[in-house]
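Listed below are the structures to be examined.
In what follows, chain A forms one complex with chain B and a second complex with chain C.
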Partner chain A sequence: MVRLLAAEAHEVAVPAMIDWAWLIVAVPYVSFFLIVFLGKRLPGRGHEIGIGATAISFLLSVPVFASTISALGTEGFHGFEKSIRWLQFGDNEFLELGMKIDGLTVVMLIVVTFVSLMVHIYSTGYMHGDRRYTWFYAALSLFTGSMLNLVMANNLLQLLVGWEGVGICSYFLIGHWFEERENSNAAIKAFITTRIGDVGFLFGVFVLFFAAGTFNITEITEAVEGGTIAAGVLTAAAVLLFFGAIGKSAQVPLHVWLPDAMAGPTPVSALIHAATMVVAGVYLVARMFTVFHASPVALDEVAIIGSITMLIAALLALVQDDIKRVLAYSTISQLAYMIAGLGISAYTGAVFHIWTHAWFKALLFLGAGSVIHAVHSNNMSDMGGLKDKMPITYRTYMVGGFALAGFFPLAGFFSKDEIILGAFMQARAGHGVGWFVFITMIVTAFLTACYVARMLALTFFGKPKYDTGHVHPHESPGSMTTPLILLAILSVVGGWVGLPGEPNLFANWIHFEALEHHPFNLAIAIFSMIVAIAGFLTGWTIFRGGRLKIDIVRSPFGWFYRLLENKYYLDDIYMSAIVRPIRDQISKFAYWTNQNVLDGLVNVTGMATAALGRGAYDKIDQPLIDGAVNGVAFGADVAGRGLKFWQSGNIQGYAGVLFVGIVAFVLAFIFIRI
Partner chain B sequence: MDWLMEWGVTWAVFLPIVGAAILVLLPRSSEMGIKVVSLVFTGAPLLLGIMLLGPYRASGGIQFEKNIPWIPSINANYHIGVDGISMPLLLLTFLVTFLCMIYALWHLPEPHNPKVFLALCLLLETGMAGTFVALDLVLFFIFWELVLVPMYFLIGLWGGPKREYAAIKFFLYTLFGSVFMLLGFLALYFQSEPNTFDMIQLQSGGVLDISRGLANLIFFGLFLGFAIKVPMWPFHTWLPDAHTEAPTIGSVLLAAILLKMGTYGFLRISIPILPDAAMTFAPLIGALAVIAIIYGALNCLAQVDLKRMIAFSSVGHMGFVMLGIATMTDIGFNAAIYGMISHGVITGMLFFLAGSIHERYHTRDIPELGGMIHQLPMLGGLLAYSAIASLGLPGLAGFWGEVMALLAAYSPIEGLNTGTFRVFMVAGGVGTILTAGYFLWMLQRVNLGTVPAKWEGKVFEDVHPLEMASWAPLLVLILLLGVMPSIVFGVTNDSVLRLIEAIGR
Partner chain C sequence: MMPVTWVLLLSAFLFSVGVYGVLARRNAVLILMSIEVMLTAVNINLVAFNAMLKDVEMMGQIFALFIITIAAAEIGVGLAIVILIYRNRTTVTVDEVSLMKW
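== the complex of A and B ==
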């Protein structure tokens, strides 16, 4: 049942590890069931299973990663693929259950398993004493399994299974503290909003299935490369697939769910809503990049959506009080960087940014969790001056912040630089949206450094703004700080795999054949560095005093500030133009119609014919055709079925309808025969 | 073994009615005896059904066939048989009825009369199972009508406050449809040469040679019968009333099995015998199907009664089944059968849960409930699980039927307008969003939040072992069918391909 596609075609020995790679996915799935059924009886209330399972997945991922990247040097080798037949439908159409292991997959495997492991460990401290501790770990396991399924799937339907699986886990975990209505609202919002995108994604899968005759990603890729699919079809497929990315990766206009998703526990935000699930959209575009590459229109759409999103999200990050919301908008903005990067064909840079962003954004979220744990508030207006109280959190957070701002030599610098370089090359080559994307990226880079400075200043510097009488912040336990330290290390060295080389190491792992890799450009690197420093200094100058807001509310720019504070009013518009009308008005109207029109028709017919029947019985039947055989006979027949116990006036009425109907039908038959 | 292959199906179909007869003879007071008999006489068919899976060959077409003269004067035969289209439904019937009998050990509705109640259930089972194996139109019609009577009494005697209205409406509405169905059968008989009620013969070339107009008219007659049973929009208004009023077991059987008789009728009778007329009607069926999807979902949003909401959700889910059928493709037919099975399993489960919630709270009003997961963690968890399965989450049973139906709608059979069906597909896709919306909203209001003051301090018994015993197979199937869809597709695909080939002639 196992077939091997790629490896046989090339001179690559299949390492034994690859045969067992499916365990990476299977172990967390099994862990979910074990935790659900056994977790509560264990001393750690299930976390030992979750941590163990994730550790196994990570430890399995490392050799898979190593053996795959070492094979990637071989000429013509793209990856390993294995599958079994999942189901057959139709004449010759199959759905496989399989795994595709290439550079993109193994990079994602490392990201997902490592961040998940960090979050699992961190949560033993952060979630300590939670009333649904066991369930929390069960959901984390289910999430990890689904996410790994998503990145390893060799076909689009299997990918979709993982895709929706992470969606439902996201729903569970956002709403983990569902006693508060607000939290369960956020959970529903996340699920429904992303599902809107998913429907588009699904249709995109359909388009590709009927165009290429398969769900298999490799085969679709080959069909596209072979030029057998019409350009219009590819554009449709790409645009529809991108719907899924817009929802999952929180791009405009479906980004509204992600800030609300911060209602979930902070470790969840780090894992799901920063490092892994939300990059699934980016991953999808990267995975199906052949389709996008074949459609300039789709690529431009991707680039434009990404550019708009990165800018408006970065602006929103600048005005938040809730530290998690700063990070949430920052995540949207950075995801948009990746999306736009793919749009301007900076394929390697975009995937590289998935990699670096995972480390520093997970770090920032976990750091924020540590701070929240200490001051019992999400709001930066309750923080300040934590530098000395929480030395480890502070130092690691600074690393994360600088990496996000894009300072050399931290991780974020390398990936961001590569994307900006890609945009610049596109622009210089005279590509239509190139300059637009490039300038937006520069502005966003400036804003990013600016809000990072603001966040750092308000949280760790200045005077304490929390109630010093009651709140006594102290450093978090080792279970929480250890992941911080590890992630901080990765936030520094993680980018070094992209050190200038010819080509650089990361580009060796991940590259798109048809695209040339732009060599490192010192001028662009220095320029983007200057922009970041300028942004940081600007932010620092304005906010180091501990001010939360700038005094522009009364200035000519006041309207703009209010626009930002209200999130461009998008939430209000969606709520009052879509959600409430459907949920509260259209649905009520539909039900009213059902009861009064459709069902009314049934009831009126019944009653009218009952009256007709009675009339016929009184006026015609009894006086004229005594002992008749028609209506009454039928009524009796019906009654004979046992109905007489329940006889009401209606029965004869309905029977009358029947009779009239039958007569009409018989007449119709006769008519046709003649 | 020979005996099993020759008579196994017959025994499985008629054992329940034998059980019903025995129940009639038992004294009303020996409750345990009554329950044991009903368990045995529903368990035995299930066992036979499972044993039949051994010799069953997916590629074998119609098997376990039995064809003996019955009413020679009108050439009606006792002709039964099973293929990939009926096998899953037959097994579902045996399984769900048996589970209902287990549930009956824990709870029976008022007025307490296990003897009559269970006897009616057994009678119902024979009717349902018979419908799925009959290959003769007269036989089919008898079984079809046999189903009406017990269900009528189950609703009318053991139902909620408006039971009489609901029971009569159910009975007459369905009867109304089946009269036209019968007329269609008669027309097929008189128009065929030689005159026959045999479904297989009627499908074979040359037996039925009729004009397009007449074919369409006959199809329409059958359509009325089946569409009301499904129920398709706009013939669905009997369903919410019947479900709301019916006792738990009645609702479960109604949702899990009875509705499938309608969709099955399309696949077994209308389409194979009148394929050209089916092509004519397909766009209409598709349109009504997607209207049902959207309309059902919108109505769900407006419901306050949990059971009524699930009933309206059935309208939507059966819409997906009908959409699959309307595409007239192999993918669509497979999707339809899969959808019938998954809907049977999931919605059957949801009705069990609604019943058990009602048992505890004595209300099903969604706004009155709340924080159930705190008081009844297991029951709440199962409700969440089933609701999420019902909204079509991949990995659980609800997904494949929906997604395959939409996939089929992307590319309907040649001769149908692709553009029209793509519009249907998009509408169906919107339906899945609304479906997620109303289920999650229901879960939020029933399960989540905090315990309302009204229920505070009350101690409820969480899931009883007998409840668990009757639900466990469904719960396992929900996951198993989702993870291994080949369990169903493997059985159905070959017969579907035969069907496609047959109508393509």
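== the complex of A and C ==
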């Protein structure tokens, strides 16, 4: 079934490439099996298959991207859709397996395949000599396939398959070094926490299915636009779907898993926990934005959750010592930017931020990995002064940091500016939530620049804090620096597709029909730039210049610092208020159930069986069956006892009887005439 | 031509003697002899009826010949058994050959 999502279909021909776009998804899946079964026998222990498959996916994505965005210029064109019947239940009930290729999909395809390729290459250096090297590449392939499946799915069930696929890969890879208890706990925490959100997502899918009668995203969108679904149902569906996004994109209150997920190898953090999987939640909201758009309540909820998250995560990023945790909280904060952006209807800006964030955050993670590789520690208190020792890492990291802080003309500036502009427009239109979002965004932008300054200062500047006697940092191998350079280039130019101008190129690819696109506003751009610079300078002054020497723990703000140090005590609250009681109660209940219900059942069954057996023995076996057998024997016995007298052994006796018998027969023959 | 009745009476007498011998004698050899007498009575009957009916195919006489043959075979087997019994038990009195009885 091919569907052209265009108002006037005849204007656009489906490029031949599109028919084969499913290969982009299939190749990494095949690669997974090849690596699992053959990987260990190859000289590269499987990485050549992984890199090759990802490269093929990327190379296929480029023409799909190109042909789609060139067609998107055409009037009324939205995208292509193609599907086959997957599971047939009856004559007309079936599940689809299909692909929906529009602006949002192709942007995600490029992001996922390119970052995945970079991470695959980078890992040959970073994971060199790892004890589960082959499995690492297999899991990366499975992840890439699932993520691509997620972004290409044309129906919610298939999307859910990809969604769970990336979840399980995230679990595998966080727990890659599962020998340490801490890592396996982090993996379990990540899996279970996101699972809480997934339940909501699943129910959201059900609600939409029962409301629209289909899993197909296009059909659901049409049903919503056609106004056939009640507003209350739409709100319920949107809120439930958003639960999934809260879990996957680590929003408050389910954000606690992402910092712990840093227990995984750093390339994994770059790919899964920064650039791709965690944006799946944002992608979901963007993909189903028609549903959210139709429900102002749900949109406000999205905006408020996003705002709260971005602020508290940015504050937490300020106090972390572990460089990966700084980046993890930064990721939560930036994801919240996207979520809040969707909440205040800055649709294009939010998706644009997915695009730019992927480049610079993957860059920052890989750069952090390079630094960690050099000093053998995750803590910034063991770093410092690496500027000259690792020139490539230093330069690319600075680019990534500045892009994150939102400095012109790096990628982060354009996308962040567009979201802030959207919030401002919403606020000026008299929307209360708009003001709230706008202000938190400005504060967060300030804090973001501030923690970026802190991170850069503590890592690359100042005096070395590592053990100079034993640790001799040096630049990482080419397999690790090459991805850094490529991503740094994209972190610079990646934002230029959103250069102001009419038409804005990115907005041309991705936009939501019902929303007007706000033209570039110079005042807002300058304002957000000033905020970023102010934040950066503040952070720089405190953490590098050392002019403000405040012993923060003893200052009047000490309580706040301790609050941040302890992550608002959220983890402790979850642990003591939710996990422990539930876990303990469940185990208690399980024990009780086991003892009373299950054992009882087993015992009752046993006793019933025994009683039945005894009854059968007493009532059936003994009287009937044994009785019959005994009766036959008894009858034979009686007959034998009676008849034995005939067996006299007296031959004349036998002969006498014989004659009498013959005579009797003869007489009978003569007289009765038988 | 002697009426057939006389011959039949002779036959009946011989048969009765045979039956008496079988039922009353204790000696196995004498019992076998009595059986031969009964068979002879049958043969006389067959020959007499053959003569009376003037059967050109001599059916009665032929049957009499068969019976004589079979009686010879039978007496051979019977005497062999009697000899074996005698060798085992040093007697041919049928009352004492009573192993197969209750």
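Note that in this section the second predicted complex is superposed on the first by the 569 of 674 C-alpha atoms of A that agree within 3 Å, B and C clash if a C-alpha of one lies under 4 Å from a C-alpha of the other, contacts with A are read in each partner's own complex, and residues count from 1 in each chain.
Methods note: contacts are C-beta pairs under 8 Å (C-beta built on N, C-alpha and C of every residue); 3 or more make two chains touch, one makes a residue touch a chain.
In this text the structure is predicted, and so the values were computed from the model without any measurement.
Engineer: Tell me which partner A:Ala590 touches in the superposition: chain B (first), chain C (second), both or neither.
Structural biologist: Touch partner of A:Ala590: chain B, not chain C.
Engineer: Kindly classify A:Phe206 by the partners it touches after superposition: chain B alone (first), chain C alone (second), both, or neither?
Structural biologist: The answer is first: A:Phe206 touches chain B but not chain C.
Engineer: Who does A:Ala534 touch here: chain B (first), chain C (second), both, or neither?
Structural biologist: It touches nothing on chain B or chain C.
Engineer: Pick one for A:Gly165: touches chain B only (first), chain C only (second), both, or neither.
Structural biologist: first
Engineer: Please indicate which partner A:Met575 is in contact with in the superposed arrangement: first for chain B, second for chain C, both, or neither.
Structural biologist: After superposing on A, A:Met575 lies clear of both chain B and chain C.
Engineer: In the superposed arrangement, what residues of chain A touch both chain B and chain C?
Structural biologist: Correct list for chain A: 645, 648, 650-651, 655.
Engineer: Which residues of chain B touch chain A in their complex?
Structural biologist: 148-149, 152-153, 156, 164, 167-169, 171-173, 175-176, 179-180, 183, 187, 211, 213-214, 217, 221, 234, 236-238, 295, 298-303, 329-331, 334, 371, 373, 388, 393-395, 399, 403-404, 406-407, 410-411, 425-426, 429-430, 432-434, 436-437, 440-441, 444, 447-450, 484-486, 489-490, 493, 497
Engineer: Touching chain B in the complex: which residues of chain A?
Structural biologist: That would be residues 86-91, 93, 157, 160-161, 163-165, 168, 171, 175, 178-179, 181, 184-185, 187-188, 191-192, 195-196, 199, 202-203, 206-207, 209-210, 582-583, 586-588, 590-591, 594, 598-599, 602, 606, 638, 641-643, 645-646, 648, 650-651, 654-655, 657-658, 661-662, 665-666, 668-669, 672-673 of chain A.
Engineer: Please name which positions on chain A make contact with chain C in the complex.
Structural biologist: Within the complex, chain A contacts chain C at residues 644-645, 647-652, 655-656, 659.
Engineer: Report the residues of chain C in contact with chain A in the complex, numbered from low to high.
Structural biologist: Listed in rising order, the residues of chain C that touch chain A are 19, 22-24, 26, 31, 94-95, 97-102.
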